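Everything below concerns the one structure shown next.
Order of writing sets the labels: A, B, C, D and E. Residues in every chain begin at 1.
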């Protein structure tokens, strides 16, 4: 077993375990931390899968961005002095049923599927994946990229509209 | 190289767990976390599949877009959650159910 | 890769020529926002700008109507501009215009610049979505619609508004996550994100795996969620109830049509020109039956007009899906006809519902006796409901008639029993739908009147309503006026 | 000029309705006279038509105007025309409609609540009834057929009795359900039928006359007679016939699809009951004879016995229920069920006598049931109580009324000299003959149907005995002063009806000579075409 | 139009007058204003008189001539003509004469009898209509028109029985008469259907020509006989006739004794060749049963009119038996004689009733004037009526020198001939007929004795006026007509002055003379011994049986039908509505508040389904998500498997 393989399975295990933990744990904070761990492990897998740029983005945006926002959210919506950090579970059976059914089905169909490479062996894999990615992003994917910009703008405006309303209600 | 199926299984697991979290957790923030988990499952798939044809970066770019969308969703989502909290003083989704039959 | 970069960018530049309506919209979003920042508290300006934008968009759409048989590929085949999507875009723009008019009559709306900017964003997202043939653009534009919609739902800035937008958000996020997950498998199976490409189809024809079914269903889930079709409908009633009336009307048309457009293309791709091992026709028909049943039967219980219309829109999604489910080109034509009529009748009904809402009529019971005092609005409303039910002499009948003709023809061609069931279910559901559609007119005309003020007949609503009523009637007697146009539409992938 | 007569008939009430919309709601009398004026115009038109009618021609006064021509791309064209005409089946019913609508207008004179709405709806109803009796284009027929639902719904629901909401919804749902069945068949038919005249591109036609010719069916369409495609136990054509049959049977109404009728009648106001019983029910029978039988002749042969059986059941079952009714209007409503059963029996026999009798029965029942409902309305107007047990010995206080009731009842139970007798005897003769000539109905059907006559006598005479004979007495809160004899207006309504039923009972030939060519043609057509088609399968 | 040249225009006018004048009388009586109703008392008998005179002309013109035929198209369907027309042969002309003459006499009588009645106009109108429809039956050239008249006489009979509407019994009796007649008519109608199907014509003249004696012919003749059973009050449809006595007595005389009830017999005679031997056997058996029941029941009655009614039934039974025994001519002679003497008896009885009513009115006493136990010794107070009653009664009883003797003799002769020398069941019929003549004597004698002889009972204190002249004249005319002379010069042998030759047998004549005298003796011996048998009084409980059946069988069906309609069809058609509601209750999803009164049938079913689909909509977003996903997964698993 090579190092890469070991690391791969290590990350897999960490991601899986932390995800399970996330489902089981009842504290929101622990949940957020477990999610961070899970995402970091996934980032690790990205690195192993030759997607360094994605991995970095993952760490930056998820761990650095989204999770900070989420923790803000947690703090704003829970009263720390009391014990509302503890999250109750409900509809557990339904959840298990749906998730279990979904998982079993997915595993069943994925396992049956032989995924084959589409690459012509003649063409060598790109040396610098980040460069390729950048060029493709700004040529072929320029349009979605622009729309994504608009999306971010609108999200910003939307969030601000909703948030500003909170202020106006308070005053 | 590790077998691609194993990444897919992990993704499936994350996806299912995300689903489960969304259904069972009695806290909106936790549900948000579940959604992130589901989106990550997709990203894992995309990155893994990208390796089937590494000369094109379609999968990775898609993953990038997914992350962007996840960001904006999270932003708007949290704003909404905060607003709901403002009105209902709770983040338990079941308690936020004035609108029903 | 770097060698062709200039040519590639040149392609992108050339694409803008076929992208003018959308460019107008994008610019307008910014203009409206900035205008709102400059002149705070203005009511007229953003509305005027939005209206202007939509009209310009419409005008450019018609001016640059794609007449050729082959669709025009834009932005590296991220989008395809063809007459099918142009028609849908036109409907979407019309819906936008109507929404602006409704908002103008609403008079209670806050934060208008952002509001109109968001509406324009949804319109833009819908434009892009109906043109999309690439998973990335589908996903992005769908999210563009979704995220704007979440915010718009909360625009009543009330307790229920917040709740509605939270529900919409949670449900929408999950649905799009599921859809995305489905997309990834398509990518994995075909190695391309462009579902209109030959590679995509060839790869799937060669594979025909069960994973395809799972992934396809998951992808469909996202579209169905946008259309508010069963089983991804439950958000609709709560959201509709929470949102302001113009937004409800808007939601019941624009995302639905956008979802419908992309669904039509996507199912065509999935069906692999009839070579698919999986019976996607069955899936679509099944969903249609489910939507019809759930929508119609649940609507029977409703006490509030908005909720009733929410279920009605679910049921109408079912009817629209029937057109796709026929899997014949004429079915798409008829579906477009249906969509047009649906747009007209839906806005007719919502216009008057808003009119009555401003008078304080929030529940069905409160409509008691209105028909004897406000005769004309109630008659117009009745016409709208009759058209939604699908009775002559309204174009609603013609639309339903066409839709069922398509099913019959399809059944004749393929002999699949599910189509027969769909026909029977659809028609029986028409009877059921009558039950709730007539409830408001029923209260209005038949129950005894309470003390209500006599209204002015010369309102904008009446002018607008009569116009729509006439349109609906004219299109019954002369459906060829519209069909002639639709017939020219060429639906290809 | 003759070709526009039918349009004049259809559009004069519509024009009146349009004028009515423009008039102010306060001038109540103007609406009454407006409606009456439209009726009078129609009456003159019908009189003129009666004179100009040519029995030799199959269809008279044909008018055809282009309506919808729709390019459906790969499917060819969809063509619906404004095609109206009058033949031996529709003419009696058109005469009846004009006549009854006039009577209904007079009967509506006392309406005081929302007069404008009422009369406008009445006019619209009038137009759609005439329209559905004259349309020869299926889409046009369907348009009128559906369009009469709404006015009727509101006329019951707004101006009806205490349980009007329930009754009106029930009526609407039932008939809409029926029309949905018809719609399915219509979709199938137009998609399967092409216009034989036009060459070149395929033209899907709604023309009923095109549909009746098996040669016009596009080969391999579901309804193509040569297509062996089976859905379940039957082929597409048999199914389509069943759909049409059920659709029209609801309207007729046929047991067990009749339960809307008693409720609707009991709750509807008198003029509306009159229209409902006299005209709307006829559309069921009309549709069967106009569309279901000639378009699917082999299905008519195949299911003929079933149609006849249902008719028989309706006859007996309706009569039994009439006997059990405690409410006068309900009794009359059930008697309608019973009488319309004869129509089914007559059509099913497919003998000229039977078919002519069935058409005549529709005509005659229109007159008689209108009279009966008016009579029930007379007593209801006075006391607001229709229970049979409330009254006894009315004859001593209301002599003319009793005389009219006698005429009505005896006409309805088929006494010779009244039009019902002619119809029923024809139907009996036809139904009995059926087995030996067409082989559809066993003789026992006709024999058992005579039970309907006996029961008819029993329930009418029992009612007479209870309500009108014996010592005078009324129960409950009703003051004796409320009971008074017929008024001038009521005479104006009842006398023409009584005269008509008597006249057409003694001199049936004018109407029969109109019906007869139709009856001969359709029986011959259905039998020969139906047999050919059955053989070819 | 096919008219016979040999008949003069005068004849045709007379025929037209005879036929239409009663109709004129009907229309005139209806149309005239209330205050001029006295005019009716002049016009109606006058019109009938002309009608009767015209029919006399018709009668003598037709005698010994070819039948007169005239027909015109009534309606044409499918190239087949339903004609309306007349076929006048000697039989029809005779019957026409009987009908018009008796009708005229009854009209005349009624002027006195009905004087001052509130429904005077209506009464005469209906008499007119009745006479017209009866003439239609008599003259019609085809069975369809006969059927028309058949129903119309039923209608006028209904109206006349129920003339005194305020009397609940009258209304009831009228209804009963019509409904029971309808049952018979339904049979008649079936007969018509069979004829139409197999013969394609209703023409009476063509009916004679058929004698294939096929099964359908038997069936058709039995069906027509079914109609006769109703109209002529044969077993088992005879119970309406005694009840019909609730009508005014002249009506009973005209309709329920002389003409309408005889219409059935007349019809059978008219189309006699059509009847197959099998059918005739049934006819004779039914006839004799009816006759015996009538005669026995007459023994048990106390009501004067009921005795006469049962006697009528008995005599009708005898006629039917005669037809069954293939001697229609004998039956017709009896019909003819019976018409006169029975009408006379009824009118006489009416006269008694009329006088007693007046007397009661005058002296303010009250008793049932129709109950013979209350009467007695009236011969002194009402000598004219007594004389008339005696004459007509003798004729009924069949004493020699009276018309009744001759006609009964003819029937008995026919029966004996028919039965033949061998012993068969036919002899039972013959014995029955003899028994009937015997019983007739007994009850007639008893009736006359109790009413006119002995001591006065309830009437002793009152002064009885004789009836007015208008009532006496018809009585006298009719009484004269019950003498032998009306049909034959020879009091013991039927000469051919009305009918073609009849078989005459001195053996039978002598036997019947002896038989009648024996009966007279027995009657005298037992004159005061009233029959105590309840079974006779209630006419073998036939009426009770029918009523029980109606109450327990027919009304059961009625109730069942109505229950099916209310309880079964409504909900069933609309699906398992109640089950849905139940499910909804159990699961707690059902929102009671929403059941706003329209829960019924379809509504509740649809709403039941709606409550299920809607119950997922409980406002909990996580459950929404769950349900949606769950549906997808279920769907996927279902398609994958």
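The rule is simple: a residue touches a chain if its C-beta (ideal position, glycine included) is under 8 Å from a C-beta of that chain, and two chains touch if they have at least 3 such contacts.
Model, not experiment: these values are computed from the prediction.
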item: Third chains touching both subunit C and subunit B; value: A, E
item: Set of chains whose contacts include both subunit E and subunit B; value: A, C
item: Pair joined by more contacting C-beta pairs (C-D or A-E); value: C-D
item: Chain located farthest away, centre of subunit E as origin (C-alpha); value: A
item: Chain with minimal offset from the mean of all protein Cα atoms; value: D
item: Chain centre separation (subunit D, subunit E; CA means) in Å; value: 36
item: Inter-chain centre distance, subunit A versus subunit D - centres from mean C-alpha coordinates, in Å; value: 70
item: Subunit A and subunit C, separation of their C-alpha mean positions in angstrom; value: 31
item: For subunit C paired with subunit E, centre-to-centre distance based on mean C-alpha positions, whole Å; value: 77
item: Subunit E: positions in contact with at least two other chains; value: 591, 603, 614, 617, 619, 621-622, 625-626, 629, 636, 640
item: Multi-partner residues of subunit D (at least 2 other chains); value: 165, 169, 173
item: Touching two or more other chains - residue numbers and ranges from subunit A; value: 90-91, 94-95, 98, 102, 105-106, 109-110, 115, 118, 132, 136, 141, 144, 148, 151, 154-155, 158-159, 162, 165, 169
item: Chain pairs in mutual contact under the definition given at the outset; value: A-B, A-C, A-E, B-C, B-E, C-D, C-E, D-E
item: In the complex, subunit C residues that touch subunit A; value: 1-2, 5, 8-9, 12, 15, 26, 29, 33, 74-76, 78-79, 111, 114, 117-118, 121, 124, 128, 134, 136-137, 140-141, 143-144, 147-148, 150-151, 154, 157, 165, 188-189, 191, 209-211, 213-214
item: Residues of subunit D touching subunit E in the complex; value: 165-166, 169-170, 173, 255-257, 259, 262, 317, 320-321, 323-325, 351-353, 356, 393, 395-396, 410, 415-417, 421-422, 425-426, 428-429, 431-433, 436, 443, 446-447, 450-451, 453-454, 457-458, 461-462, 464-465, 468-472, 508-509, 512-513, 516, 519-520, 523
item: Subunit C residues touching subunit D - in the complex, by the definition given at the top; value: 328-330, 333, 372, 386, 391-393, 397, 401, 404-405, 408-409, 411-412, 415, 420, 423-424, 427-428, 430-431, 434-435, 438, 442, 445-446, 477-480, 483-484, 487
item: Residues of subunit A touching subunit B in the complex; value: 4-5, 8-9, 12, 15-16, 19-20, 22-23, 28, 31-32, 35, 38-39, 42, 45-46, 48-51, 53-54, 57-58, 61-62, 65-66, 69-70, 72-74, 76-78, 87-92, 94-96, 98-100, 102-103, 106-107, 110-111, 115-119, 123, 125-126, 129, 132-133, 136-137, 141, 144, 148, 151-152, 154-156, 158-160, 162-163, 165-166, 169-170
item: Subunit E contact footprint on subunit B (complex, rising order); value: 19, 22-24, 31, 93-94, 96-101
